Amino acid sequence: MSDRGIRARHSYREATARRRLAGLLDEGSFRELLGPEHRVTSPHLAALDLPAAFDDGVVVGAGLLLGEPVLAASQEGSFMGGGVGEVHGAKLVGLLERAARERPRGVLLLLDTGGVRLQEANAGLVAVSEVMRAVLAARAARVPVVALVGGGFGCFGGMGIAARLCDAVAMSEEGRLGITGPDVLETTKGVEELDASDRALVWRTYGGKHRYLLGEADRLLEDDLEAFRTAAAELLRVSARPLDLEELEREHRQLGRRLAEFGGAADASEVWRAAGVERPEALPLLEAPEFLRAVAGARRGGR
Amino acid sequence: MSRTWDQARRDRARRLARARGVSPEKWVDPQRATALLEALLEPGDRVCLEGDNQKQADFLARALSRVDPARVRDLHLVLSVLALPEHVELFERGIARRLDFSFSGPQAVRLAQLAGAGRIEIGAIHTYLELYARYFVDLTPRVALVAALAADREGNLYTGPNTEDTPAIVEATAFRDGVVVAQVNEERERLPRVDIPGGWVDFVVRAPTPSTIEPLFTRDPAQVSEVQVLMAMMVVKGIYAEYGVNRLNHGIGFDTAAIELLLPTYGEELGLKGKVCQHWALNPHPTLIPAIESGFVRSVHAFGSELGMEAYVAARPDVFFTGPDGSLRSNRAFSQTAGHYACDLFIGSTLQVDLAGNSSTATASRIAGFGGAPNMGADARGRRHSSPAWLRAGRESARPGTMPRGRKLVVQLLETFREHMEPAFVERLDAWELARAMKMELPPVMVYGDDVSHIVTEEGIANLLLCRTAEERAEAIRGVAGYTPLGRARSVRAVENLRDQGIVRRPEDLGIDKRRATRDLLAARSVKDLVRWSGGLYDPPRRFRSW
Amino acid sequence: MERLSFDLACPGAPAPRAPPVVVGVVASGNLEVLVEPGAAPGTCRVEVATSARGFREIWSAVLDDFAGRHALSGLAVSVNDAGATPAVVSLRLDQAVEEYLGGAR
Amino acid sequence: MTAAELLLSLFPAGHSVREEGSLLLGSGASPEGEVAVLGTAQGLEVGAEEALALAAFVLDVVRRHPARPLLALLDSRGQRMSLRDEILGLNGYLAHLATALELARQRGHRLLSLVYGEASSGSALALGFMGDEVHAVEGARLWVMNLPAMARVTKIPLERLAEVSRTSPVLAPGLDNYVRLGAVESVWQPPLAAALLQALRREAGPDRRSERGEERGGRLLARRVAEAVRGGRGGGG
């Protein structure tokens, strides 16, 4: 392995929400909307005497991607686990509504979130619902929406649904996507259901590779900002997922096949085996390019 | 008057005769292990139950904890690391009463409770080398219970990469007519190498489960902070480059891991390859892989091994000490000796430092012990050979009119505040309070102030070698103590004065741009990166994987 | 939460005007720092909201040194702190001001 | 209220809704014509199979009955929490259900939701809250987490959470809170058939929940913040 390769990489996972945007968009092109100087912070966190963030944990704005205008939002996973509260959610909704009105080349959602922010529970749930509706409304207005999942907190809860409402999802192997996250699953159903400290099991289940193989993610990337940038631009270019009956019926058949084929799997590796991967136990060890070659014939769906 | 000169040998023969009643063969039925120990042991015996930093004779510990206390009691336990719950149980059940040891790690709290309740008599807390030394002087075991990876029919032992304490223990026991019992994971027809000859071993028992080994030296690069990167930059540029440090030992904290991860990037940029950090007394730290791969490191001798590093070590025999099969041969006694006498520098993190530079990791309500750090972190007064780093340190600390000599570099790394805003610089070490509460003769100091050459914090480096008076030394320490109460009580003028003399050096004095202190400077930022650097040879334990 | 405010005396010409800059994140042991134009010339106004109570003196000392390192005249600095150590606080303050001044060029 | 009682009250003129495995599927007769009915009963936790069955129903209505209104009836404790459902990508199945409902909306189907039991997390988001209007009956229980559990997870003292909940609708479970937040448009009183008829006769519009939340004092910032971002006001450019 060349040492240069390791050194030159700028980790997407490690970057802050702002750094991710700066690395993703054309240099210096990002213009933030309702930026931190406006101090639109969460009144609900203040009521509980908890620290606020000037941007409530999400950066939204406009910029260029390979010269084309895009809108983008980036969640800060390390602030309240990227949880969606009233203000945080409203910023996402406003951005998506702006997209439906302005018709940019597309919208990028850099998701890094556990879902609803528990400290604003009910408001968070409604906000996530509004985000979901807004994603669909933007798509209905023919503005492609692309979700990027590669942050340290993954993408869980209702935002795990929201990610899959987008036209496309790009993930790194380190990214995680699901609805009931490992900690919640362990707490609710017990450690016998899932041991959240078993990192290999957690990533086998929620991680980018499994999602890619299922067709839940459209691209599987290295944990590298530049890789995300390239993938985002490409996914905006390839045709959007049409919001029509034909497309939905196609997806419906695919989801039905998935249930029939893999419904009995007790572990993601059984899915890989059933899908025809030759050495499923080796998959977690492979670097992204090798992995893509290894599963090329076994992958179900996705674009 | 006639006198018998072989009482110990006769005693040994009697014990073996009793034991043969339980197991006529050298290979003992695992289910008879406790019976064997009951036959071998007598009340008050001094027993070494091998408990190393990593390797544990856990099956024999369990067997010993099940003996009948009416038959076997009041043992004097000698071992370097008291880590297992069974170790503590021996005292709770009255099987053992007295203890001489080095380090207690995970059992530090229970140990303090037992000592407080008078259930345990602590002889002394040693450094590793002191304890091994006493095995050959006045703490020779009557019976040693040791652990190895495999044995053959004759009882030759193969320890695998974690040889650690075994040679020191068996040598002391076997040659003073003691009895040696070994637990092994498996029997093999042919061993890859013989670490302990079968003639020194009396009984061998196959443990039903492999002996436990903990990955104590694996530091996930993902946890290294920016502040640690900054401190590591200061160490590389302000100490390693300045003194030309070529033989060294590192502690096991994240701050020293940061230094290891900076060598291929920042070190390379400073042109240090081939000039510093070529020879190490160090366990096979995974975070050293990038420095090895980029050609910084020429040799590493290890105290013990590290889980997951087996294939990597085997593939780098020019760097590591290995047997013909490629497996690491470690040896804690020799590596400690190497660290003490053959290294020019020791650097490690600590929790508390006082104004005299004394440092301690002791906290009230825990008896953690010393391990090996004090052997590394002490000037080797008996050293006579010279090296450029040793000579320069000696020159810096020389007083007019004294005989010129060299000096070891002993560097303590710490951030000025610990978690929860606990100041790391204190008027009085917690060690004093621990000594009072536990009725110890001395406060447990890890590294004494007069052995320390440099203190490094995020604020800068204090070079204590250059200080001429106790006051100057205290002011230099205040000069890097940041915003702690001791730091804020500094005389700004005096500290500026020390800066002019190069006694206190800030990052800017060293030409270090603090903005570069980001994690991007680390050669590896995740365990996965380490696997990449190793070309897939490093096989990290599960808890460090996300794949 | 404890709210602290400081008016640092900052002699010298006012710092150039530039777009506001925020650096760092509000996560355990970390903080965010917002730098923007706003204070009267000759001073730098610092507002701190911190989850660690009882460290006013340390904040004051950290900020005095900060003012000694940079020309802050006319700037407003706002901090949301989640229990960062002074080392991290100083690092973020420096990064924020340097980024702000970089944006002014 | 059981599903059977509810259906009787909503469709006095008769309905063909079957309850199978706690899924409700069928249609009911109203003065405005047939209404397609889908939903959950007995607190059903919606897993991959159920989400797919509900989506199949929606797509079938879209295909065969253009513009027929859809009424979602919700009594569900949320999504099914299991390793197996996560392995299968339950979030994707729920997203598919939500997208199918959006397709229906885009093609002119009226979407109404009625919470008659519980509503929480995944199934609330993918089914109930997808309606043009979300209504509830008295006694409906909408929630994210009860306060004792929230206190454990967030490490905030229970007393403090209870104290804040006296004035804020944000934390504690309860229908009233969701009405104040704008998530529930109204609470239907019997006769439910009349309330349904009124709702069917209203025009569908955009998502107005944040406006409702503002009017009702439950969410004072959501509408304003979204508008500021949408309109570009306060931009840093």
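Some notes on this structure:
Labels A, B, C and D are assigned to the chains in the order they are written; within every chain, residues are numbered from 1.
In the analysis below, a residue touches a chain if its C-beta (ideal position, glycine included) is under 8 Å from a C-beta of that chain, and two chains touch if they have at least 3 such contacts.
Everything numeric in this text was worked out from a predicted model, so none of it was measured.
Path length between chain B and chain D in the chain contact graph, taken as the least number of steps between touching chains: 2. For this structure, the chains sharing the highest number of C-beta contacts are A-D.
Of all chains present, the one whose mean CA position sits nearest the global mean of protein CA atoms is A. The greatest centre-to-centre gap from chain A, using C-alpha centroids, is found for B. Annotation: 44 Å between the Cα-based centres of chain A and chain B. The distance from the centre of chain A to the centre of chain C, each centre being the mean of the chain's C-alpha atoms, comes to 33 Å. With centres set at the average Cα position, the gap from chain A to chain D is 24 Å. Taken residue by residue, chain D touches two or more other chains at 236, whereas all remaining positions touch fewer.
Residues of chain C in contact with at least two other chains: 20. Chains touching one another, given as pairs, are A-B, A-C, A-D, B-C.
By the touch criterion given at the top, residues 48-49, 52, 55-56, 59, 62-63, 79, 81-96, 98-100, 102-103, 106-107, 120-122, 124-126, 129-130, 142-145, 150, 153-154, 156, 160-161, 164, 168-173, 177-178, 181-183, 206-207, 209-210, 213, 218-237 of chain D touch chain A in their complex.
Contact residues of chain B toward chain C in the complex are 226-227, 230, 415-417, 420-421, 458-459, 482-483, 488, 514-515, 517. Those residues of chain A lying in contact with chain C across their complex are 16-18, 35-37, 39, 46, 49-55, 57, 76, 78-79.
Residue ranges of chain C in contact with chain A, taken from their complex: 1, 20, 22, 24-27, 30, 32, 34, 36, 49-51, 78, 80-82. On the chain C side of its complex with chain B, the touching residues are 52, 55, 57-58, 61-62, 83, 85-88, 91, 94-95, 98.
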